[in-house]
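Read through the structure below, which is laid out as structure tokens, and then see the notes.
We just call them A, B, C and D in the order they show up, numbering each chain from 1.
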Amino acid sequence: MTDLSLPGFLALSAALFGIGVFGILTRRNFILLLISIEIAMNAVILNFVYFAAFPAGTSGLSGQSIAVVLVGFAATEVAVGLAIVLALNRLKGTINVARATELKE
Amino acid sequence: MSVSSFAGPFVPELVLLAGTLLIFLLDVLKVRRIELTGGIAVAATLAALGVVVADLGFAPLAFLATVPASQIDVAPAAGAAPLFAFTSFGLVFQAIFLLATFFVALASVSRPSDERGAPIFYGLLLLATIGMLLVAIASDLIFLLLAIEVVSIASYLLVAYTRKDVRGLEAAMKFFVIGALSTVLSFFGASLLFGAYGTTNLYLIRAAGTAVGYPVLVLLGYGFLIAGLAFKVTLVPFHAWAVDVYDGAPDDVSAFLAGGTKKIGVFAFFLVFLGPVLAVGAVGSSGYGLFGGSVALGASFQITLGALAVVTMTVGNVLALLQKEMKRMLAYSSISQAGYMLIGIAIGTAPALGGATLQVFAHVLMKTGAFLVVGAAAAIGVGPLIDDWRGLGLKRPLLGVSFALMLLSLAGVPLTIGFVSKFVLFSAAVDAQGWFIWLAVAGLLNSALSVFYYARVLKVMFFDAAPAPAGAPAGSVVGGAGPPALPLGGIGYGRAASLAIIAALIVAFGIYPQAVLGAIQSAAYHFVTVGA
Amino acid sequence: MIVGFAGTRLGRLEWGGWVAVAFSAAAMVLGVLIAVGEAMSPGTYTNVQFTWLHLAPAPGAFPNGFSLVMGTLVDPLSSLMLVVVTVVGFLVMLYSIGYMHHDHGLPRYYAELSLFLASMTGLVLANNLLEFFLFWELVGVCSYFLIGFYYEKPSAASAAKEAFLVTRVGDVLFLLGIFLYFSVYATAGPNGGWAANGFVFVHGASPFLPLPGANTPTLTIAGLLILGGAAGKSAQFPLHVWLPDAMEGPTTVSALIHAATMVAAGVYLLAVASVFLGFTPTDQLAIVAVGGFTAFFAATMAVVHPDIKRVIAYSTISQLGYMVLAIGAGFAMVGLYHLFTHAFFKALLFLAAGSVIHAVGTQDLFKMGGLKKHMRLTAAAFAIGGLALAGIPPFAGFWSKDDILGSVYSVLGTHPDYWPFFLLAFAAVFLTAYYIFRAWFLAFSGDGPRDPSLPTPHEGPWVMQVPLVVLSAMAVVAGLFVFFPGFQNLLLGGAGLPGIPPTFTTTDLALSAVSVGLGAGGIGLAWSLWGNGRVFVLSETSAIQPVRRLLLNRYYFKVGYDWIGLRAVYTISRAADFFDRFVIDGAVRGLERIFAAGSNRLRSIQTGLVSDYAAYVVGGLLALFVMLLIVGPYLLARLGGS
Amino acid sequence: MLPLISIVLATLLLGTVGTFLAGSRARWVALGTSAVFLAEVALLLASYPGWPGYSSSLVPGFSDTETYSWISVAWLHVDYAVGVDGISLIFILLTAILQVATVVYSWGETHRPAGYFGLVLLTCLGCFGVFVALDVLLFFLFWEAVLVPMFFLIGYWGGPNRRYAALKFFIYTHVASIVMLVGLLALVFYSGATSLDFSAVYAAAGNLAPVVQTFLFLALFFGFAVKFPVVPFHTWLPDAHVEAPTGGSVLLAGLLLKLGGYGLIRWAVEVLPHGFHSAQPLLFLIAFITIVWGSVLSLAQRDLKRLVAYSSINHMGIVLLAIALDSSLGLLAAVLLMFAHGIVSGLLFMASGSVHHQYGTRDISSLGGITPSAPALSTMIMAGSLASLGLPALISFPAEFTAFLATWNGLGYWVLIPLVVLVVTAGFYLWMMQRMLFGEKKGVPLDVHDVPWYEGAGMGLLVALTVLFGILPSLLVNVIVNSPIRGWPGT
């Protein structure tokens, strides 16, 4: 594990996370939004795995187990998101979030 | 740990779970009468509430207690890292959450009895409530975040449960997107903290204080966490979704979101940030201090949270000032109220946390009630604009009086719970001395500002002449083809009861706040001294 | 003794002139009895009082406590004044029955008149300075109402306001004077000083003057302020402007209030102050100056005025000036003696003038003429009054005025500063005789009215004639009272007090002769210019034409006061109002606008687009980092690493 | 001993509720409540030393006190604590009098009478509460409770621009009360007072450093000053008065303004002597400015109500001056003045209201010669004006005299400022009377009759009291001085 230094890893993780957030901000297609969210989520999972190997005080949940749980959680979240967008698509005929701006001000 | 001793403390959650399963089971069996499903939900909630109150030491219900008093407010053994812990503070919040669910569940019974979505609604409601109860006993950051996610996911679905309402779906979509983003931020923050502390256990993190290997991770991690959790609490500028969602969601769901789920964010804030707020001393003399310097941990958290609180209450109030739609006005008011609650954690003393908790309690009554009134008004054909409410106060005294009480309480008029909660909260701010007195000043000035839009609604309801009845005579349900009229002129017994109870509690606790304040304050005291 | 006071007090509650007359008669009887009683037993002072307001002693504040009391004090001063007030009051009340019978609002008239009498009695009998001030204000307000009795007339309403305001200026000075005296006497003097005993006047050998530091600038200023108060009430220069205008009121009111009693209150105040408070030499000079100058100054204005009542009003001012002069020179009782006689002959003049006005319906002398044919009694009464005023023996005015001049003359040796004012007063004797007979000739002599539209004059009913007769008699004999021992007792009763020598026994005959000569000369000049229906017209090019115009315009005092009172103050207040509305209040309104605009501006960020919301979240996150990473170190630096 | 104060509170509360529910018979309920209220206040007074005789036995503390624990947690102890001393009793008496007078005066109110009378009673309830409260929270609670009914009275029964005026009134006074509350809370918590009780706060306030005392005093003063109101925080008052219904104006001027003075005496001057002393120059400055400003502006007003409103400001300036003197005489004068002003301004506002009812306008320049057509109304206006300009034998005189004497004693020649202003005050009242009451008839009466009997009765009551207390001020003084005031005789 010493191959990847902390700054180096953080740069990787931050890049991954940044790409995800950038996607969330710029994508109008709901599916792409979901994908962006998952990319960012992956940065989180990666973090947990990496820090699990870090020699800080360790007690409680291990990083690996958290990572596993989060993978499952991410799947649930995507499922709910898809359900919502399906219903929206049925009513509006689009999955472009820019078209759903009825509620404002 | 035996099964019974494991299951015992979770009786409230288990009761609700049983209720949820029962409701879904009945749905599968095509038994969808709202009286039945609603009744199950109400009963389950009441039972859970009874248990929680008993656990809090309410003597008349002592026979229901499931958590031995010796297990409450006990610090874990050194080095132990429990996922959950029973604190009286958490129990207080559980009671508050259950109360919100109870009001919504009771009021929702008064919906058309053949509504197909009823079982889903109630099932999700209870599911979300389970998540809320879990939040209140969390002592691990990941456990906490996952419990919050349980609530979130249930709430996304609740907003969209009708599946046929474009506004509801749009709201759900926005809710989901921002919610998912916030979740990612929270977990990312948690992962950084994990990197810094090597644990996600809140006891251990708090015990570590400023003794951290990688301070910059701590600061960034907490920054992400604030942003992620702020989503739930609707702090400015993380609030934008809330207005659209409260507006677009079904009225009763809005009541639950504003009155119920929002409060888990508040509790999470208390839980997560009490550590850093109370941390004395500097971090960052070595390691990855961003500019090679060091940071006064506690003070900078206090100032950050304080600034957030002030910005939130101010922006919320200013935006509510000229708002024309009732639900959006209430949504903005809800945002500003979140600012008041945040004062508690920005200060971090037991009085302040207690005051903020009282504010949470008050807000549950006021805001849940207010949205429930909106639901009732919608049910009898009142439009979404504030101006549509002209003359309603005199025409429908129940709605008028109870709504007036809620608004007066929101505005902080004496002899209501809202007044007491603000008074205690701001007293606590002054009590903390130092610059916190300015938080009290800001809060009080904001409450002065807020009076305007509340007063405006009162004026419209009581002083302005009612609009000429368009078509349907007043009091009957609008639209002949719609569902059959409910009793009490379209309001229904359940909703009427719910509103009446809320109104009574607003006044009762306004006159005699000691009934709740004593328990809340001692819980807050334990919370600060023992920790999560 | 209180009954007299209480009786008139009750009187004001009763409606109907006769009730008022009856009560005032009762008051007169009591008043005279009291005076006679005082005259019979010289040197006794009766003091009755009750506590009005009381503060217990407190350390640091008033070690002997603080009290205000209400009470009555009967002594020579007050009993002499009491006679004047009640007798003239009764006569005027009686006269009113006839004079006022065709006016509406009579209940109001009698109520106000009775209230006035009650207040005046209270003022006279007051046993302390505060009570004095209280009734002093009350008579002022009665005067206000009575001047404005014909309130439908804008000029009357305006005159009433003017009178109140100008005397109010005097009142303020008076009040400040009280305060100054208070600072000297608060804890010094009998019974624990004024704070404890409630400002009471205490008889005895000069209770206050021997106090250490009594002759201080404070006392001097206090005395000057009292003079200011008296000047306001007694219409002395420079607060004289209101009295001529006050003639807008019914003539009866002019007779009672603006000739005999209320205006004399200022003189009375000076007398009381000189006895109980003491004046410093500077004060005395100032009082002499004001008195002497006013005596002359007012007389000059009376010389040209065409209005019969105003002529008498100026004469009143002038005569009051004599009294003030006497008191200033240290002869309080002499001043009061003149007050006593003046009250009768001036009331007589007013009531006679009232008869004339009642008969012809105008006050313009140049419209009248030849009235003596129709109104013999009135003409005679006016003439008697005029002679008394002019100081022709044996009429009342001669004795008292002569006394004043004689007394002042007697101290000129030790006070050469008094010379100019003595001369002014002396000169005024001539003017006085001239103007009053100018009025008489214009009104009564000649063949008939110069304005033919005037109605045929006739005498008034008996209720109007009786007071004229009685007052005429008094105007003849009042001066002779001085030869009665009892009356001497009254005047000498205060002889034990400082500054009251019994001067009327030492009249300088040469001086008297000169003054009588001046008076006669004045009458002669009046006859030569105006007698027998003549009208003296000053040519437009005459060198003294500007002087006439100056006099007619009353030295432009009123114009100046109006300018200050109306223009200047009103302009300032309008400007202040503007400032208030647009600057102070404008700031408040501006704040409101800012909030409204802010609300509108902020609303537009709620675009409805979820990506924007996400952007806010990220933006907020960055802001948080700034807070935590930049503000945090800054705080650490501020907090010193704690 | 009966818990008299709680009984009064209950009476007013029940009366208010009853009035709200009574519909068209509300005025009877209101009148009954007022009568009972008055009787109870009489009882309170009768049992108080100093009334009506000349008792010199002084009360060491508050009487008729009641204390019940209300909120009690580790760091916060709030009691329901009430009690009276001489000063509060005088204000209570004023409350009762004005309530009766207002109810009687408003007998003809036909526009939603239940709401109107209910709000009137509620306002009086709030004022009463402020005067008896001996606990920070209770005090603030009643203090705020007064705003709400007044807001509605102005906003609903007021003139054409009522909404603006009501909002302005609310904003201004509410912001002020917030600052005051922060001050009070800081007073409690910075001094380490054991509870929010007056006695605890009073005892603990001495612990505060002088600088802190000064800041706290200024905060409290700001809160009270807006209520007073003093320049430059006064602009809400004329607007509120002009738009308020007559009853609202009466209560506003008669009672609400007194809250400021009472609060200043009770909670600031007494509790924070050091802060008071260091703020004294400021108070003097503000007082003098207020006195001059109020008077000069009155002169510029054309609307009768505005005129009276500015004269109120002038009078309140004198009150502030008297309080700021920090002498027992000054304090006595301040309380007397406030009482006097309560009665007199109530009278004047009623009279302005009647003018408005009769003539449809209050514009002084478009009115004239009222006296012949409405002698009773004219008499009331005259009585009020004369009382207000300090005529002896009327109620203001003893108050103003003691105030000026105290000023002279404390400040010397500065007394010239209020004294000279006295002439201006006389000037604008006389000017108003001259133009409106006397002279040629102007203005078209809406109603040719004189004032209706109830308006006359309401005003007559106040006129009678003006005279009564003007002649016998000791009825009030003997009660006032029996108060546990620092530096007051007997303590």
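By our rule, a contact is a pair of C-beta atoms (placed from the backbone, for glycine too) under 8 Å apart; a residue touches a chain by one contact, two chains touch by 3 or more.
Not measured: the values here are computed from a predicted model.
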Legend entry - Chain ID, smallest distance between chain and overall C-alpha centroids: D
Inset, instruction - Write down the chain pair with more C-beta contact pairs when A-B is set against A-C. - result: A-B
Legend entry - chain A and chain B, separation of their C-alpha mean positions in angstrom: 26
Legend entry - Mean-CA-position distance for chain C and chain A (Å): 96
Legend entry - Computed distance of Cα centres, chain C from chain B, in Å: 77
Inset, instruction - Just give me the whole-number Å value for how far the CA centre of chain C lies from that of chain D. - result: 35
Legend entry - Of all residues in chain B, the ones touching two or more other chains: 173-174, 177, 181, 243-244
Inset, instruction - Going through chain D residue by residue, note those that touch at least 2 other chains and give them in order. - result: 171
Legend entry - Contacts with two or more other chains, residues of chain A listed in rising order: 21, 24, 97, 100-105
Inset, instruction - Would you mind giving me the full set of chain pairs in touch? - result: A-B, A-C, B-C, B-D, C-D
Legend entry - chain D contact footprint on chain B (complex, rising order): 350-351, 354, 413-415, 419-420, 423-424, 426-428, 430-431, 433, 437, 440-441, 444-445, 447-448, 451-452, 455, 459, 463, 512-514, 517-518, 521-522, 525
Legend entry - In the complex, chain D residues that touch chain B: 69-76, 137, 140-142, 144-145, 148, 151, 155-156, 167, 170-171, 174-175, 178-179, 181-182, 185-186, 188-190
Legend entry - For the chain B and chain C complex, residues of the former touching the latter: 173-174, 177-178, 181-182, 185, 216, 219-220, 222-224, 226-227, 230-231, 236-238, 240-241, 243-244, 280-282, 290-291, 293-297, 299-301, 303-304, 307, 315, 318-319, 321-323, 449
Inset, instruction - Would you mind writing out the residues of chain C in touch with chain A in their complex? - result: 603-604, 606-611, 614-615, 618
Legend entry - Residue ranges of chain A in contact with chain C within the complex: 21, 24-28, 97-98, 100-105
